[in-house]
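What follows is subunit A paired twice: with subunit B in the first complex and subunit C in the second.
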Partner chain A sequence: MDPGSNQPSYSVSDLDRKARFVVLFLIFSGVFWLLFGTLLALFASLKMHLPDWLGTAGWLTFGRVRPLHLNTMVYGWASLTGAGVSLWMLSRLLKAPIMLRGYIVLAGVVWNIALLLGSIQILAGFSRGIEWLEFPVATMVAIVLCVIIISVSVLLMLINRRVKQLYVSVWYLIAAFLWFPLLGLVSSLPIFDTPTVQAGMNWWYAHNALGLWFTPVGLAAAYYFIPKVLGRPIYSYGLSLLGFWGLALFYNWNGFHHLIGGPVPTWFVTISISASVMMVIPVVVVAVNHHMTVVGSFRAVVNSPTLRFVVFAAMSYTFVSLQGAAQALRSFNEVIHFTHFVVAHAHIGMYAFVTMMLFGACYYIIPRVTMREWHSKGLIKWHFWLTAIGIIIYAGALQGIGVFQGFAMNDPEVPFTDTVTMTIPYLVARSVSGFLMTAGHLIFAWLMFRMVYRPGEQPASPLVWNKIREEFAS
Partner chain B sequence: MSAGALVLVLSSLLIIGGGLALFLWAFFNGQFNDIQKGRMLPFDEEEPAGKRTDQIFQDKPSEPNEKQNKGEEQPCGPR
Partner chain C sequence: MMRNTILLFGIIATFAIAMFGLTILPKMFIDKAVKEPDYYTPFEVTEGHRIFVREGCIYCHSKQVRAEGFGADFERGWGRASVATDYRNLLPHNLGTMRTGPDLANIGARQPGRDWHYLNLYQPRAINEHSIMPPFSWLFEVVSEDARPGDEGLRLPEAYRIPGMKVLPTDEAHSLVAYLISLDQQTAGVD
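After this line comes the complex of A and B, so read on.
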């Protein structure tokens, strides 16, 4: 703004400019792993109904491709992009530039190398064999250390902030950057040596990684982008804080509901079920708050690429969380445990909520840090509809058949083979939805690529903001 | 209880304790003194409340907020 002023206060455009490289680096790394993970997802999905396909090469068998799909999506796409999105939001909300930018870029490079190494390790058969933690311990610790560097940056930004009051998104993000290193380090300790304790650690970690790392980032984005795009403050700030501390108190006991019926102490599981049901409180609070903010502004949602994705994601969050609370009940769990229902549930969480939220965030952030407009509005719409319809088919097909599969598995009259063959048409539907989502991801990657690589003439002048013109006029 | 299970329970308590510590800090730091002010934090002079952003699918591009001035920009919701 005013270069002569030595008052260290920053305008949002200053902050965006300072954030440019590090945010772009983290988000683009994430997009690379999104494409890689998508390829693995297609392999895994096709193998479910074409079991002989690529079955002769050990490194392309289902037992290696599927875990690697999970790990690259979780620690590659969602974590790297989520970190970029978080840093950008924190910079704006704390009115402070991102701290330790060089170190974060370095950490990002190490993080990418660790992912690459971990991918080779899993494909070569050196998996740890624990769901969500298949990367060998050393690789995982390297990733956690990279997150810790970002956490330090977040704390430094918090100390150097130019605002007194913290917005609800900031609460979520600070908590996420404190919780995830704890989860990652505890899960890497070499003390979970008996199978039951290891299973307990597994689901304590995996469920918390979703609830205390990805969920806070996703909700922080929803609380930032919905008011920002609509130009309308959140319905009730008090409710939003209630939602945050509800999550902080109830979420971390949820994981053991994965072990219903397993050989773990019943009180572990019962606490977990109670906590899972108590999560209804923060979830409903968040849902009411978002709904009351958006209601009546449907046109503005449709007109904004960001809000299309963000509102879709926020609705998915409500849906998947209420479903999760129900699934934790023993009577419900008896039916759907070990069926495709749970697989679809996890994808509604990680895809329809987290991934769609990150897409929406990217559509807002990238034009602001690159000072460029999106290459094609039509392609953005294609991206939205392909991914949205894709995940709806995915969830509908697998959850629909999952219930019947569960009843069939509980029926001693039905031979086990029948419970497998009955799902095949729905597994094919899953692959079809996978191709839709893949097409969406390729479009997204192309759009992203065109934001940083733009040969020849610039397209027509920017639509949304005059800031760009000011930037180049001065 | 094995060491592993104990560590899990302690870590869970640490997570909750962290949440409570954040809450206490927030309370004594005066974060909750004027709660309704918090909802205006995403906005500033450069990007004020009442102004929509990111409306790139709008038919008539970059018409500086005519539509939303029709009674939609008053801060809504409970006091």
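After this line comes the complex of A and C, so read on.
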């Protein structure tokens, strides 16, 4: 491959103009599912301490709303928006326009329909019943096929790139777009037909969905936006390399730490515990690399909305990963397994890290592809503080009580009911934090909406259907 | 500089090796022991399992017991440690990750009576005022006191009674309770 020899080169604004429609479409789809998932989150959280609220509506029972909340956030918000952010970053980093744009828009439409269908299926009681894989297999496969179209586009961009060196973010993104479709396809195979084997596949998949899809996308964004906003190179190439391959080697093996004490051969669990502890290496390496890049420029974190979110997210990644390594140890796991501690841990990962990272990325990308400025600096601040304080209350309340819940559960003298009643005030605090985050999301959605809808101004691009035709023609 | 081929090869290889290690290898170790001999499950129990999955019971109730000495599962009377052969042929697996409510692997031995389960499913707070379990009223029908003589309906506490009416479990409730009662780990683990 000899990139860049006799092909035209593109200016940054050319690339952004070509990326505009498809990136906006994916990100805005994600924002819709963020709002929908947030509503479900509130339902689930309130029902934990108000069990009779809407108690006669079968389709709104906790056991259906809670998995749907997870699925819409994971496959709707984080995956769709993550895909949009990734494509934009790749276009910039490879200096190549996004390929197959029309097909990606088509895939995005199918993806949204699949999410809608899957949502109805779960609420109507047709869940597959496997955590993180509640959408029925056919619905899940439809989503995976849509991701594969984007993966093909990513590989074509790699082939058509106009740069010689691949930046660290590109490694993570290529990996993410190869790993996620493989994960999705393997998890849909009908070979996991005994319950305990299926449980193993379940946690191999669920842990890797975070570790091999959202984490690489999130880290790619951190590696892209931190140096970009600060205008200085990343601290160390060697550390980037170590961090990437460490993640690839160890994260893959983490899944079975969800089955500590469970009915599977102990040595599988032990392998996963070792791998979970080994994750300390790539995590610390990445943290040092990012910290050394930012050091001396902390004023910029206060001034740049993007950096504020991205640095918060990067710090959360370090925190949640080190916590995860500790949780995998048998002695710690004995206490916190089966408690609210783990629920909060998952939210630090998917929210404080992944979601905050995507917010930060949106604040950078949207003005560049729409060629408009955010219309309120104050509202962005409100968005940050509402969501940041929200997730801190969430994690503090549930992880605080989770430890006590675990100790109480492991003390046979304590009646089981007491392990429930002791958590109630903290479940209420979780609902309060949920309302704070909801307010933040509404502000974010309003800001996003104002970027594309400005009455009185001429639209910067052709109307929707013309635009789609144009994408297929190009 | 990292070459493309190394990058792509490394990405696929790290994934494939771990995939083999954590999904295919366990299958080779566990499958045979669990699948033989053929195991018969009554229809009512498989139907109950389906409803158990549909209502998302697993998000608050685990169905795996940890060994004596690791946690207090044994001391709480939740039964001996679960083994792979306990799960036999009912999919999805329902091992669960959360104990907002107690573990259910041994619920059939702890609560063998159907009436207790019907009451608990219809209105958990009729049994334990501190329970935060959702009520599953759609598994029951409310009929006039005079309808279907011979069937008295649920014995609800005063506060939850509906004047002139009685509450009867539907077939779905029958199946779900049959499934719950079938969960019994009193017997030996290996057979």
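Assume the second predicted complex is superposed on the first by the 449 of 474 C-alpha atoms of A that agree within 3 Å, B and C clash if a C-alpha of one lies under 4 Å from a C-alpha of the other, contacts with A are read in each partner's own complex, and residues count from 1 in each chain.
As a working rule, a contact is a pair of C-beta atoms (placed from the backbone, for glycine too) under 8 Å apart; a residue touches a chain by one contact, two chains touch by 3 or more.
Bear in mind that the values here come from a model prediction, so they are computed numbers and not experimental data.
Once subunit A is used to superpose the two complexes, subunit B occupies space that clashes with subunit C.
Contacts of A:Ile130 after superposition on the shared chain: subunit C is touched, whereas subunit B is not. Of the two partner chains placed around the shared chain by superposition, subunit C is the only one that A:Gly63 touches, whereas subunit B remains out of contact.
By the document's definition of touching, of the two partners only subunit B reaches A:Ser13; subunit C does not. When the two structures are aligned on the shared chain, A:Lys377 is found in touch with subunit B, with no touch to subunit C. Look at A:Glu334: by the touch rule set out above, it reaches subunit C but stays clear of subunit B.
Within the superposed three-chain model, A:Leu230 lies in touch with subunit B and out of touch with subunit C [touch as defined at top].
In the superposition on chain A, the residues of subunit A contacted by subunit B and by subunit C overlap at 164-166, 171, 174-175, 178-179, 182, 186, 191-194, 197-198, 200-201, 204, 212, 241, 245, 248-249, 252-253. The touching residues of subunit A, when paired with subunit C in their complex, are 1, 47-49, 51-52, 55-56, 58, 61-64, 66-67, 125-131, 158, 164-166, 171, 174-175, 178-179, 182, 186, 191-202, 204, 212, 241, 245, 248-249, 252-253, 255-256, 258-259, 261-265, 268, 271-272, 330, 334, 337-340, 342-343, 409-412, 416-417, 419-421, 424. Against subunit A, the residues of subunit B that register as touching in their complex are 2-5, 7-8, 11-12, 14-16, 18-20, 22-23, 26, 30-32, 34-44, 46-58, 61-62, 65, 67-68, 72-73, 75-78. Within the complex, the subunit A residues that touch subunit B are 11-13, 92-93, 163-169, 171, 174-175, 178-179, 182-183, 186, 189, 191-194, 197-198, 200-201, 204, 208, 212, 224, 227-238, 241, 245, 248-249, 252-253, 292-293, 296-297, 299-300, 302-307, 363-364, 373-374, 377, 380-381, 463-465.
Those residues of subunit C that touch subunit A in the shared complex are 1-2, 4, 7-8, 10-12, 14-15, 17-19, 21-23, 25-27, 29-31, 34-35, 53-60, 62, 64, 66-67, 70-72, 75-76, 81-84, 86-102, 124-125, 128, 130-138.
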